[in-house]
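Some structures to go through are shown next.
Two complexes are shown next, each including subunit A; its partner changes from subunit B in the first to subunit C in the second.
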Partner chain A sequence: MSPRTGTILISAALFALTLGCAGIVFFPYYWMIVSSLEAASLFEWPPRLVPSNVTMDAYVKIFTERDVFTWFKNTAFVASATSIFCTLVAINGGYALSRFRTGGTTAFSIFILFSQLLPATLIVVPLYVIFRQTGLYNSLIGLAIADAAFVLPLATWLMKGFFDRIPVEVEEQAMVDGCTRVGAFYRIVLPLALPGLVVVVAMSFITGWDEFFLARTLISSQSNWVFSVGLTSFETQYAIAWDEMMAAAVVFALPAVFFFLFVQRYLVSGLTSGAVKG
Partner chain B sequence: MKRVFARRFDHPELLPLWLLTPAAIVMSVILIWPIAQGILLGFFNTRILNYNAGRYIGLANYEVLLADPFFWNSLKVTVYYGIASMSCTYALGLSFALLLNRSLPLRGIIRTIFILPWAVPEVVAVLIFIWMLDAQYGVINYFFVEAGFLDAPAAWLAQADLAMPALVLITSWHQFPLALLILLAGLQTIPREEYEAAMVDGAGAFSRFIHVTLPGLRSVNVILILILILNSFRRVTMIYAMTGGGPARATETLSILTYNTAFTYQKIGYAAAIGTVLLLILLVFSLVYFFTIIHVKRDA
Partner chain C sequence: MASVEFMEVAKSFGNVEAVTDINIAIDDGEFAVLVGPSGCGKSTLLRILAGLERATRGSIMVGGKVVDDLPPKDRDVAMVFQNYALYPQKTVAANMGFPLKMRGTDRKEIERRVQETAKILGLEDLLKRYPKQLSGGQRQRVAMGRAIIRNPSVFLFDEPLSNLDAKLRVRMRAEIKEIQQRLKTTTVYVTHDQVEAITMSDKIVVMRSGRVEQVGGPLDVFDRPANRFVAGFIGSPAMNFLDGKIISSGTGPEFVTESGLTCRLPEGCVRDLSQCASIGIRPEHIDLADEDVANAFNLRISVVEPTGADTMIIARSGTDELSALIKGRHAFDPGDSILLKPLPGMLHYFAQDGTAIHV
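The block that comes next holds the complex of A and B.
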């Protein structure tokens, strides 16, 4: 065996190993989808690894017999509100952090870094009481405000990163041409930062969409349930309806996965505060 | 250039302050104010039902806490979960990063598949695993029995000794893509010449890994390990949805104990004291993390 064939063999073996690992990693996804598609053969031992009688019954059922539509609507509302609210605040904060060096901005940067490390569980106990006292308890707007606050540090930090990539000369030129400082930001710089803006919009949308813990604590009435909370109720309410639960899980996960794959490459540098380039 | 610009325009202006005000208000009201309240609550005997009637009781909550076997159990569980999930997540992330850090056919698609677990909402990940770990029809039990790891299907989430491994399994499945991406970025900063020099010196693959790859990843490793531990200490959704801390408190981390004490046992004063202890632990780790990042950025 020549060294060259040896190298090829090793490459081929490593490629096979990579594919095998990818298969294992993907298996839970596969199992979720398969389980949602076969009602009849779900409770068999040994489990049927390849579905035999595929049916969409579970999908029809969750939309007609369960509250999935309500959850979907509430979740879409909360996620959109979280996204709009968070983005509006983050673009201003991110711009200030990117363009100015004062004591205030430095302190704020440090604060952002720390706030990403606060324990949500300690925050939520008093927050529950505050929400009860201010009437924000059990309101979807209240939930969206809380979600937005939790994602705001990361969103502001990401936005700062995107503004950093736009040279200051752009604003200087705009101001020479007669723009005000504020006008240069909103009219010239912000459009240039549009790709970054889209990332922040999508990221805060996903956070609002996926969020479970705050929704579980701050929402009480069933008509205000979001998807994540409703989904976990399958477990107790419809103990053995695994096909329906997996169908609902697919419907819930689909938008989140789609948006996530789009933002993931920006997340790493955001989550490590720029210490690791994504 | 940036500095000149800043000096010319920012000083007399209050613009940066105005721009930061909305973010500062939101974060103060939803993050800082509750944290301050939480620390204060730790000195009160408040219960959910008598929120306004809570009395100041000094350090009494902390005295109870030090004698509370559930607190010490929880501390042990937190450390166990933190170390176990960090190690497994890191090991998976590093193995897959090494596999992906080479020219592969279909690299884009394979990379996407490896990131998919992170994309799924935590609640969905939990439900898939509860189903896969089902004592009667769970497919994981099937594989394990077939492979000879288990004699008979196990009730993973009902047995105190199996719930934590199950939790570590789902955590590392969901979180390894973060480790993978960070390590992949780290691997790509190691100059190719170092590998070539090692090969000229006759170093084998393993020796190159020990002497070139690992040292090259050092700063990335420190950041990643701290992030993984911090995240595991703060994690709520996954554990709460998976086990709620049970069975027999086998998965009750400090985060979960805080939540259960407040909302199941309705003792928010005591819960706040537990949460404050968690906050202090996180603060220590955060300071280490913070100085590491400053250090890494200065070197870069």
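The block that comes next holds the complex of A and C.
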């Protein structure tokens, strides 16, 4: 076997592996779409990968018989609010951890990270009690605050990491050039941390968008349901409307997909490099 | 334009005193260089002057006004950092115009002054570029442009040339000096490079371990160093030191080193002979001696470094070592013995504690 043949074989094997991985990742989505277009095929064996009787009935049904628009509106609100809360706190917190060194800074940073390790199930009961007492229970703002709280530790660390990479001289230069510290932060430092900012916005938005556990616990009235909670309503005591559930899932996923497509460019540069050359 | 005065300035970080008892007066329009080895506190002083650090004690005056409580933006100082600190997301023009924009200058005026400054610095063709598209020297110029564009009272430079290659450094050195002479703006310049310090300054402040060792004109500091540290730090190649003592023999005072080298000294070189614990000789103040005269050292050559115009010789005897910069080219070999004599009147004398003994 010549070295050239070897190289070709290795490339082919790698390509096959990549294709296989992509298949594993994308199949559930494909299956979700197929199932939404043809209810009967879901439990057949062997599975029918290409639907034969394509129908949009399930889509028509969810828009006419279910409160999809309300779920949509509520979810969009919660996701946006989560994203705004989280970003505002994370950029300021991350900046403070990055730039101000006082006695407890390191300990506090680590404490924040540890709080990320606590599972939601551990906190949800106290959260429920607090929310009932403060009137945040069954409110979308309340849910957004709870969601934001769960993303914040990681988001704060991410921002801290981005701020750490921005040379402090650039900021000091801005202060000598006529900015206050706050001015230097917003005019010079924050634009340089844009990739990080996009990561935090995207991460918190998606968390607010698809979070289920807190939404199920902290929201009671149907008019405040978000999409993830709404999806469970397709499962009743006697039957599960799989085609409708899958159709709703497709509708639910689409905005998130478009959102990612839109921010993907920043996201990749944000997650991989984030480096700022002075 | 303004004078600058440090009065009893001290700064500690936790328990570490970075600078202590700093008293320096810099006149209006003067080019002052703070020089010293890394960690001597020179950058800290500059940052205190800029308002980026707060002095623990003491006070700073700019233009006769105490500025201790003013934030950096209100001190009317412009600073050039070692890594240039250009705003990566802004074009060259926007970088240079930024200080004016922050002062509310109108757009037309900013544009005009950016053009004018770019012309002075030869940056006209680069105004639309971003910092990452510039070479080191160009970035340096943009940083300079951003400093001079707003016509501040004081320029502050924090090792601005140390990221440039040797050739560019020499050119930028001359450019900075030229611009400063044209604008006559008071300048405080920090460097660890004593050649930069001597060539650029009107006044040198030599620092060590957070203290000022000597303040003076560049040639003053070179010719009459206050102590062994300044003598060894200023001047390149560095001054030679020989430890020993002066004895008076029948023929006059004679310096005897610890390893037994002797050298006749001129009559009346030091008032109190017993005070002198070491002598210093600059390498360029050493010449070849033809015969074994009494004022010459008999040494063995260990290294010969031809520099082209001159020949650098490092020679030893016991623990004593002398480097000598001899004019012209000479065919010496390591291991040869050589007779070196200090030029008359060019010796420096130091007491036990290192302070210079001036005659």
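In this section, the second predicted complex is superposed on the first by the 222 of 278 C-alpha atoms of A that agree within 3 Å, B and C clash if a C-alpha of one lies under 4 Å from a C-alpha of the other, contacts with A are read in each partner's own complex, and residues count from 1 in each chain.
Simple rule for what comes next: a contact is a pair of C-beta atoms (placed from the backbone, for glycine too) under 8 Å apart; a residue touches a chain by one contact, two chains touch by 3 or more.
Just so you know, these numbers come straight off a predicted model, no measurement behind them.
In the superposed model, A:180 lies in contact with subunit C only, and not with subunit B. Of the two partner chains placed by superposition, A:53 touches none, neither subunit B nor subunit C. When subunit A is checked against subunit B and against subunit C, the one touching more of its residues turns out to be B.
In the superposition on chain A, no contact is made by A:220 with either subunit B or subunit C. With both structures placed on the common chain, the touch criterion links A:172 to subunit B and to subunit C. Look at A:127: by the touch rule set out above, it reaches subunit B but stays clear of subunit C. Of the two partner chains placed by superposition, only subunit C is touched by A:188; subunit B is not. Contacts of A:261 after superposition on the shared chain: subunit B is touched, whereas subunit C is not. Of the residues of subunit A, those at positions 169, 172, 276-278 touch subunit B in one of the two structures and subunit C in the other. Residues 1-3, 5-6, 9-10, 13, 15-20, 22-24, 26-27, 29-35, 37-38, 41, 48, 51, 95-96, 99-100, 102, 104-105, 110, 112-125, 127-132, 134, 136-137, 139, 142, 173, 177-178, 181-182, 185-186, 219-220, 223-224, 227, 230, 233-234, 236-237, 240-241, 255-256, 258-259, 262-263, 268, 271-272, 275-276, 278-279, 282, 285-286, 289-290, 292-293, 296-297 of subunit B are the ones that touch subunit A when the two sit in their complex. Across the interface of their complex, subunit A is touched by residues 50-52, 71-73, 75, 77-79, 81-89, 98-99, 102-103, 131-132, 146, 156 of subunit C.
Within the complex, the subunit A residues that touch subunit B are 14-15, 17-19, 21-22, 25-26, 28-29, 31-32, 35, 42-47, 49, 88-90, 92-93, 95-97, 99-102, 104-105, 108, 110-111, 113-115, 117-130, 132, 145-146, 148-150, 152-153, 156, 168-169, 171-172, 181-182, 209-210, 212-213, 216-217, 228, 231-232, 234-235, 242, 245-246, 249, 252-253, 256-257, 260-261, 264-265, 267-268, 271-278.
If you check the complex, the residues on subunit A that touch subunit C are 167, 169-170, 172-180, 183, 188, 191-192, 276-278.
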